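You will see two complexes here that share subunit A, one where it goes with subunit B and one where it goes with subunit C.
Entry: the complex of A and B
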C-alpha cells in the first residue's frame, strides 16, 4: 500500500525531476567531464568526443600554479572585503535613520533604492562617464581644490579598482538598506522601550536588543552580498574591461577572458568547478552556523 | 518622595483628544488602579507617567520634581508591559540583571541582587533557562523582577493579566498583591477588569472617554458611584437604574416610578438627596441589595431569564418598559414568565440627576 503510493508519487514528479536533471545536473556533469580534458572548441571535435583529449587532473594541477588566477581571486576577495562591510554599515545607518519620521521620507526612500533598479550594464556606463579624466567626479574635486583636477581614474592601475568599488557600493547599498530596514521594523518596539526604562543608553539598546534580534537577517544580507560580490562582472567589465592590464581583473573577468579569447574550455571548466565546490562548502558551513545560532 | 501628582494633564493625538483633563494625586506606597473601558485614556495616562508620551498640557510631578523633559530612562520608573516585553534572546538571569548591567553596577552586586530577586520570585530553578518558551506566569514574574531589581520608587503595570486565562488570573491577582506588599512601592495598575481593580487596589480611578469619573476606595466606588457611568460600569451585573420622579406625600419623600406604577418611600438620607433633585431622577440599587417581598408591596416585574451561576442566581427582570436584574443566593424555584415581587433595601438606594447623570447625595 505504502509502496504503491510512493511509486505513484515518483511517477507524478518524474517530469519535474527530469527537468531538474537537465538544467542542473546535466550541465554540471558535462562540465566535470570537460574539465578533465584538453578539449577546445577549435579542436575540430564536438564536446562528447572530448575524451580524446583526456589529460586526467592536469587542469586542476595547472590551476594551483596559475598566478593570474590567484591574483584575480585575491582581487575579488579584496573588493568583497572592502565593499560588503561599507555597504553594510551604510545600509544599517540609513535603515536606522529611516526608523524615525522626518519630512520627505517617502521621496528619499524612493531615491535611495533607485540605484538597485538600474541595469548593471547601464550603471557601468554611468560610472564610466563619471570617472573620465574630464568627467564630473574630477570637476567636483576641482571645486574643492580650486585648481583643475585631471585624475585618470580608469586608466590608473590603483585607482581603477577604487572607481569600480565606488560603483558597486553605489548600486548595492540600497539592497542592504532594504533588507536591514525590514529587519529593524521587525524588532519589537516594547522590548526597546523596556530596555530604555531599565536605563540602557542608545548604544546598549542597539547592541543588546536590536542586533541580536537581527542576527538572522544580517546573516542573510551579508550572504547575498558576499555571493553577489564574488561574481562581480557586468558593471566592472563596462567600466574597465578588467584593465588597465589586469588591474581590475576579478575572477569572473578572468574566466570570461580565457573562455572567449584563449578558448581553453577544459581549463575554464576546471576553474569554474573548483570555485563552485569551494563556494558551496563555504555556504553550507555558513548556513549551518546560522541555523545553530538561531536554535 | 515617590508621590505622583498629575495636574491638569491633557493629551491630544492630532485632532483626537485621548485625555481631556486629569488631576490625580497618588500617595507614596499606594496601589492605584486606573480602570475604564478601552479607549478611555488610561494607558495614555500611564505612558505619560513613564515618559513614553509627552503631555500636551499639564504637569506630572514625582514628589516635588517636575518630570517635563526627563527622559524615560531617568525617571526611576518600573514598567511591566502588557505583553511583558521579555528579551527572548536572553536567559532568565540575563533578563533580570539587564538593568543592573546596563547601568554598569559592579559584577558581584549584579550577581547578588539577581540571585536575591530570583529567590523572592521563585525563579531560581530557571535562572539559566532561555526566556523564550517559558510559560506566561513565569514570564510575568520575570517581567516584574526585571523592573523590581532596579528598585524603582514607582511601578507601572499595563494590563499585565489580560493575556492570562481566567483561572490563572485569580492566582496572579493574589501573587501580584503579595509582591506589592513586599516591594512597598507606589504602584499604578492599568486595567479594564473591575475584578482586578477591586481586589488589588487601595484606590481606583475610574475613567471614561478621557475623563476621570471618580476616585475612591473600591468600596466607595462600589457603594457610592459618583455618576451613572460608574454605577453601570462597576459591579457585575451593574447597578439597576430606573427612571422616576421624586414626590412628597404627607411630608415623606418617595420616588414615583411612573412606568412601573409604583411609588417607593425613601430612607431619610435618600429623602434629603431627593429634595435636592431638579426634575426627574434615576433611581438606582445594586442587584444584590434587593429582597423578595409579598405581593402588593415593592415592585413587580416578570422574570425574563434565569441565569444560574452556581453560588448565585441572576434574574433578568422586566418587559419593554423597564428592566432590572437581581441576584439571589439560592435558586428558590424561579420560573421564567412569573412576576417577581421585590424591593431594594431602603439604605441601598442611590439617586442620580436624570439630566446630568451625577449622583445626588443627602449631605
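Entry: the complex of A and C
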C-alpha cells in the first residue's frame, strides 16, 4: 500500500519535475558556460563552440563598470520605490471603503478590478494614446487650467518616466485593493467591536487591531508587487521602448536591447546569471527570515 | 451599524473618482476603435471624446479589407495572430494544468515532490528576460522558434507555478473522508482519482484553467522573443502595426487592443471568486 502510494506520487509529480528541470537546469548551465565567452549568435559558431571566444571573466568585470546597467537597475528601483507604496496606499484606502455593504458594491468592485485583467501590452498602448501631446491627458489638464496644454509626455525624459509609472499604478492598484480587501474582511469582527466598546477611535482600531492582523497579507501583497515591478517590461516597452534615449530603460528593457540589438549574448548571460544569483540569495534570506518570524 | 451621511458621501465620491480613473483609459481605446481616420488625432481642433461618425472600418482594416484613406494595405491580417494567441495560450494552459494538477495531487495526497513548491516560486521570481536567451537557443535547436507549439510549451512551463499552487490549495481543502471511503470500498488509487476526485474538482479545475489562460493570453515579452513572423500573437502583431507611410495606425491598433482585452476581462469576472487565491499562490483564500 505504502509502496503503491509512493510510486503513484512519483509518477504524478514527474511531468512537473521534468518541465522545471527543462527550463531551469539546462538553461542555467548553458548560461554559465556562455557567460565566460564573447560568443554571439552572429559569430558563425554554434553555442557549444563558444569556448573559442573565452575571455577570462571579462564579462563579469565589465559588468561592474557598466554605467548603463547600474543606471537601469537604479531606475527600476526608483520605479519600484514610487509605484509600490502608492499602489499600496490607494489599494488600502479603497479596500477600507469596501469593508461594509453599500449600494452598488458588487458593480463597483467588478469595475475597479478590471485594469489588472487588461493585457499589459494593451494597457501600454492605452497609455501611449492617452499621453500623446494631442491626447486626452492634456485635454483634461486643459479643462482645469483653462488654456490649451501641449505637453509632449513621452518625449520628455522625466515626464516619460512619470507616464510609465502612472500606467503601472493604474494597472496594479487593483491587485493591492483585491488582496488587501480579502485581508480586511478576514479580520475578526468581534475584536473590532470589543475595541469600539472600550472606547477606541477608528484610527486606534485600525492601527492596533486591524493592521497587526494583516501583517502576513500585507507582506504577501508587497512581495508580489515588488517582484513584478522588478520585471516591468510590457507596458513600458510599448509606451516608450525604453526611451527617449535611455530615460525609461529598466533592467528588463536593457537586457532586451543588448540581447536583440547588440547581440552580445555572452554578456547578456553574465548579467542574467548575476541577477539570478542575487535574487536567489535574497529569496533564501527572505524565506529564512519569514520562517524565523513565524517560529 | 449605520454610518453618517457625510461618510456615505465621502465614500461614493472617492469610489466614483476611482471608477472614472479606471474607465477612462479603457473607454478611450474603445471609442478610438470606432473612430474614422480623421478623428484619430486632434488636429488643432478639439479632441473627439466620442466618435462623431462611428465606423467599423478599423476592424475591417485589420482583417484585410483595404481602406481608401490609408495608402498601404496590411501585408498580413489579424486572423493568424488571433489564431496564434488562442492556440499557444490554450495549449499552454492544457500543459500547465495537466502537469500542475497531477503534481499538486501527488504532493497533497502522497507527499511526493517536496522540492516543487520552492522551485516553482523561484521560477516565478526571476525576470523572464534573464532566462530567455538560453531558451531562444534551445528553441532554435529544436526548430521551435516561431511556432505555436514552441510558444505553447514555454507558456505551459511559465504558468505551471500558478496551476500547481491553485490546484494544491483546492486539493488540500477537499475533505479526505470521501476518498478514504472509496478506498475502503476497494477502489484503486487511480480509480478514486479519476472517478471521484476529478469530478468533484470540476469547478476549481475550470477556474484554475481560466486563470492560467488569462496569464498566457496576457504575455507579450515571450512571444516577442520567440516568434518572428508566422506565429506572432496579438500583442506582438499590434505593436508592429505602424509604418513609415501611415505613421501610427491608432484606430486599427485600438480595434486590435479591444479584441485582445475582451476575453480576459470577461473570464476574469467569471472567476472573480478565485482571483485572490490565484494571485497570491494560494496563500490567501477569499
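Basically, the second predicted complex is superposed on the first by the 275 of 295 C-alpha atoms of A that agree within 3 Å, B and C clash if a C-alpha of one lies under 4 Å from a C-alpha of the other, contacts with A are read in each partner's own complex, and residues count from 1 in each chain.
Simple rule for what comes next: a residue touches a chain if its C-beta (ideal position, glycine included) is under 8 Å from a C-beta of that chain, and two chains touch if they have at least 3 such contacts.
Nothing here was measured: the structure is a model prediction, and the numbers come from that model.
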Discussion item. In the superposed model built on subunit A, check whether subunit B and subunit C fit or clash.
Written reply: fit
Worksheet item: Is A:60 contacted by the first partner subunit B, the second partner subunit C, both or neither?
Response: neither
Worksheet item: In the superposed arrangement, does A:272 touch subunit B (first), subunit C (second), both or neither?
Response: second
Discussion item. Let me test your reading of the model: by the given contact rule, A:206 touches which partner, first (subunit B), second (subunit C), both or neither?
Written reply: neither
Worksheet item: Once the shared chain is lined up, is A:178 touching subunit B (first), subunit C (second), both, or neither of them?
Response: second
Worksheet entry | Angle at the Cα centre of subunit A, taken between the Cα centres of subunit B and subunit C once the superposition is applied, in steps of 10 degrees | 80
Practice prompt. Report the partner of subunit A that touches more of its residues: subunit B or subunit C.
Written response: C
Worksheet entry | Minimum distance between Cα atoms of subunit B and subunit C in the superposition (Å) | 6
Discussion item. Going by the contact definition given at the top, which residues of subunit A touch subunit B in one complex and subunit C in the other?
Written reply: none
Worksheet, complete the sentence: The residues of subunit A that touch subunit C in their complex are 4-6, 8-13, 15-17, 19-20, 22-24, 26-28, 30-31, 34, 41, 47, 93-94, 97, 100, 102, 108, 110-115, 117-123, 125-127, 129-130, 132, 134-136, 139, 170, 174-175, 178-179, 182-183, 185, 216-217, 220-221, 224, 227, 230-231, 233-234, 237-238, 251-252, 255-256, 259-260, 265, 268-269, 271-272, 275-276, 279-280, 283, 287
Discussion item. Going by the contact rule set out above, which residues of subunit C touch subunit A in the complex?
Written reply: 1, 3, 8, 11, 14-15, 18-19, 21-26, 28-29, 32, 41-43, 46-47, 49, 95, 98-100, 102-103, 105-107, 109-113, 116, 118-135, 137-138, 154, 156-157, 160, 164, 189-190, 214, 217-218, 220-221, 225, 234-235, 238-239, 250, 253-254, 257, 260-261, 264-265, 267-269, 272, 275-276, 279-280, 283-286
Worksheet entry | Complex contacts: residues of subunit A adjacent to subunit B | 188, 190-191, 193-201, 204, 208-209, 212-213
Worksheet item: Given the complex with subunit A, which residues does subunit B contribute to the contact?
Response: 50, 52, 71-75, 77-79, 81, 83, 85-87, 89, 98-99, 102-103, 146-147, 150
